[in-house]
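What follows is chain A paired twice: with chain B in the first complex and chain C in the second.
Our next item is the complex of A and B:
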């Protein structure tokens, strides 16, 4: 009796399987759709934000520029006017408002070079960093303190007080040497230069004798 | 499986071993469901056995429904799955040749190897034919190359290229599959039974 009933149910097995298939497929159509969040998930973004690799100090980048390290791209996210006035050596100008332009994508979306954003401080550079993070670009960094910090540390380093630690003096001499690399001239050097100035030589023009054209001859 | 490999739970050194295991399992299932018989395979063209049609259609529908449910629940991202690139004319011509081979020989490449494994003579001949075909293809490669590597459309799907709604596509596809099964069964009952 039980067997008969099971057999009766099983005779409909293909119909049942077909029904399950249709219900499942229909379920996909009827399920409420939700907008999937694009870009990186929040946890990943947070871990990028607190990552120690996010910020690069001015000393680090100055050393890289001096040693002609080819592994990074400097990107100036300020406007074109500021870029033309002053920027870091070999920096590329990608104003923040043009960050998503197609012509700049090749610079940003690659994993060959480290990308270093900088602006006057790190405010706009951080925004560019966040946007590129959302686009899942790789190797993004921000110059801590931006151009302002660059000026106060590298270009115009503060002389440490006399009672400062030796380390600070070392840092100062390094920064001073770096600033000279970027073209800053210190008064003590300037003096040396003036001492070494040579008196201009008097130029005496010597007229060459004109060779007499050979004439005739035997 | 790919999830396990990508997340580093299984190192990539195991790839070949995993591949062999999956291959053996696949061959076993093919053979035990009778797919190593060329008569069963060819039955779909003569209308006395629609197992091939049913198996492939069911596999496709079940897989696509499963993947889209996993995508909906956030376990798999459909956009990140590998899509085989389309070389349109290569696919059409190759498909036609493959189809002719299928009708004539009663095997597809996978099932022919299955048949070889259980010692079917027609499968041996079929695999020999495949090898000859590969040889001819290699010799004529410079001549065929423009078609083989040309007409490239990229990694496209029907859903992308026609801008269809994937969920409706899947639903309609499932309905078509079921209708095909019913029609196939109807045809099979009409056709004279073949013993094999």
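Our next item is the complex of A and C:
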């Protein structure tokens, strides 16, 4: 009799345990809900947003383009039409709405190159930056002021007033020389032009060499 | 009796196991702020919806103005009826509950700052957290004799046609050269340089596909 009763209690216990396990399994179903929130936590995104480290000035990037630095990719997030009218040398066009298309992921999700987003101002470029930053892509930067700033500082620099500091004049001459590199012709310069025009070609050959090592597999 | 002991052992083991699972579940840390939108839908919404508000809409009663600048700047001057929530404090519980409250009453939050660029990303953050009743005020704030001046402004307007500017400078030079009877043949090359980028793109795709 005793044995029977114990057996009864025990079987009840098993039923309970089974029930608990089923409930726990049910809990697991609820867990994936949090997977929806992909990317870095909101707190971190906020602190990234506040920090202004992402901005790169037009002078910095102009210097890099002229010195044929192969370590960065320029990404134009404007639409195709404005990209075709004018863009920075060797820039790639990824319109903002196509940012997460699969074919562009290889450009964005890598850690070999620095990525520089730019648009007319830095509004859309910032948005592209924020979305890629949430996805934990690395080495992301934004061109401060975008094409508009690029035009006023590099392409069409304003001559400083005569009473301004020597530093400003220096800056002006570098910017002027840079603008010649990008194809602007000044009346007081004639022969330098032909030299400046040949340089963009060289950039391409440099880039080709860079690509070979990455192809390596085994 | 032997059998009884065996079942006892099994049941002890299983209760322990369940305990461990329970503890694991209870200590599972739920992220405090969860995104309501993933990146893809955010991007879609951004390109489809209009999230800008202009200065003449501000008087609408369903709008709540939120100043995202620091308390100091807010004190210096702010729009009428605005409340101040500085960007770094966005995720404080108090502030989040304010946003929640506004959302529950079906009002629209209008964020503004020194310029639209400054508001852009804080806006985007809240938007991704599920506060879809947000708008962004396209306004530029300035001070004139310690008085706040507001100016409507546009976002992402191309201010200058760079290509045209370069072409014109080349043209001008060409005209000058013609006067001096010197021929230039290299002119068109400058405009074609951007196109040369295309072959690079194709090659770029190869390495990523590469395997063994």
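The rule is short, and it goes like this: the second predicted complex is superposed on the first by the 150 of 218 C-alpha atoms of A that agree within 3 Å, B and C clash if a C-alpha of one lies under 4 Å from a C-alpha of the other, contacts with A are read in each partner's own complex, and residues count from 1 in each chain.
One rule holds in what follows: a contact is a pair of C-beta atoms (placed from the backbone, for glycine too) under 8 Å apart; a residue touches a chain by one contact, two chains touch by 3 or more.
In this text, all values refer to a predicted model and were calculated from it rather than measured experimentally.
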item: Greater chain A contact set [chain C / chain B]; value: C
item: First, second, both or neither for A:24, with chain B first and chain C second; value: both
item: First, second, both or neither for A:182, with chain B first and chain C second; value: second
item: Chain B and chain C contact sites that coincide on chain A, given as residue numbers; value: 14, 21, 24, 31
item: Contact footprint of chain B on chain A as seen in their complex; value: 14, 18, 21-22, 24-26, 28-29, 31
item: Contact footprint of chain A on chain C as seen in their complex; value: 4, 7, 11, 14-15, 18, 21-22, 25, 28, 30-35, 38-40, 42-44, 46-47, 87-88, 90-91, 116-117, 120-122, 124-125, 128-129, 155-163, 165-166, 169-170, 172-173, 176-177, 182, 186, 189-191, 193-194, 196-197, 199-201, 203-208, 210-212
item: For the chain A and chain C complex, residues of the former touching the latter; value: 6, 10, 13-14, 17, 20-21, 24, 27, 31, 34, 36-39, 41-43, 45-47, 49-50, 82, 85-87, 89-92, 96-97, 99-100, 103, 106-107, 119-124, 126-127, 130-131, 134-135, 147-148, 150-152, 155-156, 182-187, 190, 193-194, 197, 200-201, 204, 207-208, 211, 214-218
item: Chain A-facing residues of chain B, complex; value: 61-62, 65, 68-69, 72, 167-168, 170-171, 173-175, 177-178, 181
